[in-house]
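As written, the chains take the letters A, B and C, and residue 1 is the first residue of each chain.
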Amino acid sequence: MTGELASTASTAEVRAQRSLSATMFTNAWKTTEFRIGFFIFFGLIVLSIAGPSLLGVSPTKFSVAQKFMPPVGFGGDWSHILGTDQMGRDLFARSLIGLRNALIIGVTSVVGMFVVGSAIGMIAGYVGGWIELLLMRITDAQMAIPVIILAITILGLSRPTPVTIICVLILAGWPAYARTARSVMLSERRKEYVRAAKILGASNIRILLVHIAPNILPPIAFVAVLDVARMMIIEAILGFIGIGIQPPTPTFGTIIADGTKYLMNAWWITTVPGLLLTISLCGINLMGGALERARNKLLQGVS
Amino acid sequence: MTTRRQILAGAGAAMAFGALGMPLVANAQSKKTVVLASMGPLTGNFDPTSHTTLGQGNFEKIVFSHLTRAPMEEGKTDILEPDLATSWQIIDEHTIEFKLREGVKFHDGKVFGAEDVKATFEYASDPSRPAASYYPGRVDVEVVDPLTVRIKTGKYGYPASTFWFVSSFLPILSADDVAKPDLLQQRPNGTNAFKYVKTEGDRSYLEANEEYFGGRPKIDEIVYAYVPDANTRVLGLMNGEYHIAERLEPEQYESLLSNNTVAVRKGLSTENKYLHFRCNKAPFDDPRIRLAAAHAIDRDQILELMGDAAVASSCFVSPMKFGYTEIENYPRYDPEASARLLEEAGFPGGAGLPQLEYITSIGFYPKTKEYGELIAAMMMEVGFDVQLTVLEPAAWEQAIYRGGDGQGAGHMCDVGWMTGSPEPDLVLRPNWHSGAALINGVSDPEIDASLDKERGTLDPAERLKVLASETFPLMAAKVPSFSLFSAVNFHGAAKNLKGVYYFPSGPIDLSKADFA
Amino acid sequence: MIFALDFFLRRMAQGLVIIVLVAMLIFTLLRVVPGDPVRTMLGPMASAEVAEQTAQKMGLRDPIPVQFAKYVGQVVTGDFGRSFVRSAQGASTGGSRGGATFDASNRAPVMGLILTAVPYSLLLAGLALGISLLISLPIGIAAGLKSGKWPDRLALYLSSIFVSLPNIWLALVLIFLVSVKGGLLPAIGYQNWTYAILPAFVLAIELSPVFIRSASVAVSSNMLEPYVAAGQIRGLSRARMILVHVLRNAMIPLLNVLGIQAIGLLLGSLFVIEYAFNYPGVGLLMINAVFQRDFPVIQAIAILACTLLVLVNILVDFAATNIDRRLQY
């Protein structure tokens, strides 16, 4: 019974793959860096969701009479723990909303890149021929434009909204994922279980989604995690230049940019969002780094 | 075969090439250079009649002279001093006479005379020139002798006295240049203390005019640098890259007060800041909607935000201008009135209004983005849907003026108006007379008639009355634009730079300046 | 040498395809975004008819592929056109202008604008690379030699912090602390080369994690190679072994990283940092061009930046194959 044999072979291989990615995460989890990173990251997510309402102050409500209040410990009081900005808005609440926006944009765009990139990469690898050639050349072309240049050009010339920002980041970031997906595709489709599944009459889409797609995650999971951090920096840069999410919505970049004028009399306006962003990035990068080393060890062990 | 060493050598060569391309550090010891960090870009066209922009205007004042000079010191704003004219008098209702200075030369060598004044006045007041609305109207100039001219307005039916103060504002061009518009556009050719040399990127270079009639300036060179960010201007001033920085933020002024190397000054300007409504476009073509917006704005909050950079004024011109008065019926903060007006106009609670784009700048005036956010938030409270667009100065200057088709971008814009003379018509006519209405596009026969009446009133006391009791109340009732406050200007300069005169209208006079 | 020629031709052809694709992408993008470039050129005072005439005359109403073909024809001769908004002397322009027609001769050639800015950017980039290597090589090599020990941990934590510092924020903090408060280094604009130090340092911090990582990985994996042990048995000192052989072999991956990752990263960040420091390089030119909707400048810089990246990649690959002939393409 070829069919049964093939299907057991395939499930076994899939299981092996799944456990590979599970091992990777388990190994990473065992490291201190990953745990520190994870707790920072998790803590910040909770804070950015619950924080603004817990603080009991509005991030956008201005009260000009209370402008430039310093943080607690520098002459401020507990009504605005980390001080206020040039319009008397609570800096902590604003930074937390900024964090929330940065996380949303960072995570959504990376998920988008992963989906779009994987789809294109898998199609290229699966179909082959001139389509593959064309798609891979487009990948090359895309990789030859630095993300920032592409983002500045598009967003600077159109009206930036959260949706366009995410789209631009996806547009700039998908090629790396497409390449990985394609190479996974190329190595996987020669494998026994794929051929077996084909013989059994499984549809192309089913093979792609059920059998091959899960294999893309392990080699690129760490890239994705690091990319979240990268996208958050880019979001801040866009806001700083003035082509990110537009006011009155607070973002890290706009708060920092607004604060540059007041560096001399109110250093906290740039410092609070800057520090918060740095801490979040540290958390994410620690996780990404730990995942990368776990993956490398695993691959060395396998080969 | 290329070796690693060769590659590295190649990289080194590339860097050496890079270093060679650098301009050499200026030998600052031998040459006294003042670098002026300005917030306004130049227009790229040196014809003074081609624009109404502040940066270009300030630049022109360094190169061109005027018939008279208006220092406009606080408290005595109506004093005129001789410049290219040595004396002037009103001959009759339609004639004003200027006696001109002898022995003055333009930078290109041409001798200055009556024909230059004639060419300049007739050219600048030609209604087809983009900046014509600055001037009260067309004029004919009669050359009495090579050093005497008579400005005549009889043919055009308004008093010549309107040119009394404008004489300090209109840059005098060479008649030869007026005859060749191409040349006029390419380089400025004036009679003032500094000559234009060249423009490189955003820096324009000027050198001392050896033959300046007021004596050769002690400064050898001015570098007029366009620096579109207040923070950059101040940091550059502090580390010595710039010697004068325009338009500081009030907080920067505060923190520079105690600085050892930088001196700061502040002074009320001739500038009011306006929220212009695009009156020829829905929904602001309906005065009720404009009034509703004006009533939604709490100007006390804006003043609080501006700190020292603004003083309260409820008038369409600055307190430095002739005719300034607190207008009785000027729209006050009154959200209920705003709601009522919106309902009357058919948009209860703002329902049914389109999203309104509010265009403002960043880095040009102090705190425009901040109070832009404030105004947007206040208008949103009564039901307007406002989207703020914050533009870099050069892009903003492109966006604010109405286009050839009469339409402008967005629905509201933040613009200031600052002119170097006490004459209120320099503000009123370009902005609210339908013949110009450069920004808001208002076209209201009643306002036009009232502006013409005010211009045509000969007796100053009578004119004051017309302005206070007719023109201003009419404008306040129709608010084609909402004047937010009068601006206070802050300048910072190197402490050892002495003798600089800062006009309340923006220009900076360096002809007597020197490093101590 | 046939190998080299073949390699070059093949990679150049591939590179050219990439550049054309990028050019097409940017060119199309700039023509579908809202806003009429004619308005930018003429200023707001020109009448609608004049604007339309000028647009027709300049071919701005032709179909995009036709415009692109014309543009490519120009670019091939080295002419990137003229700026829409910068005057012939290079100044930004703004406000109402009187001229009723767009006079191209009164606008700055794009190539000239770029060439004036390039040396500044080269200085900044060179300085950044230098500082970055100075910081990261000792750390990276030490980490590689003592893999798993404290230098390795130190390198790891340092890189994690460096990579987590947002460049714009770091720039502001340094401007404030080092320049404004400390008065140690100048920061804003450009007068002499010292103005490049602080921005270069910010870029260096951003680049360092890449170098630290690749140096440490390269060195540590080379240390495991049999030739190291063999050399030591043959009586070569460990120090000599490391200096002469390990480091030389470790250069290859480092060079790769330098080309592919570092130049890409540098090119992107250069733009932002130049903006933050008001440093008059290509990046500031580009960002201002975006604000002013100066399309010819934007597309020229984007195309040149991508060409640079492609060229660097080819050169790096070529150099790598020559340092180590075992790598064949």
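The rule is short, and it goes like this: a residue touches a chain if its C-beta (ideal position, glycine included) is under 8 Å from a C-beta of that chain, and two chains touch if they have at least 3 such contacts.
Note that this is a predicted model, so its numbers are computed, not measured.
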Central chain (by mean CA position): C
Among all chain pairs, the one with the most C-beta contacts: B-C
Chain centre separation (chain B, chain C; CA means) in Å: 39
Interchain centroid distance [CA atoms averaged], chain A/chain C, Å: 23
Between chain B and chain A, distance of the C-alpha-averaged centres to the nearest whole Å: 47
Residues of chain C engaged with two or more neighbouring chains: 175, 180, 291, 293
Residues within chain B bordering two or more other chains: 392
Per-residue multi-chain contacts in chain A, two or more chains: 260, 263-264
In the complex, chain A residues that touch chain C: 33, 137-138, 140-141, 144-149, 152-154, 156-159, 229, 233, 236-237, 240-241, 243, 252-253, 256, 259-260, 263-264, 267, 270-271, 274, 277-278, 281-282, 284-286, 289
Chain B partner contacts - residues on chain C that touch it in the complex: 39-40, 43-51, 85-87, 89-99, 106, 113, 116, 118-120, 122-123, 126, 175, 179-180, 183, 186-189, 191-193, 248, 251, 255, 278, 280, 288, 291-293, 315, 318-319, 322-323
Of chain A, residues touching chain B in the complex: 60, 62, 64-65, 67-68, 86-87, 242, 246-248, 258, 260-266
Complex contact set, residues of chain C against chain A: 14, 17-19, 21-22, 25-26, 29-30, 33-35, 156, 159-161, 163-169, 172-173, 175-176, 180, 264-265, 267-269, 271-272, 275-276, 286-287, 290-291, 293, 298, 301-302, 305-306, 309-310
Of all residues in chain B, those that touch chain A in their complex: 230-231, 249, 251-252, 254-255, 301, 304-305, 362, 367, 369-370, 373-374, 376-377, 387-390, 392
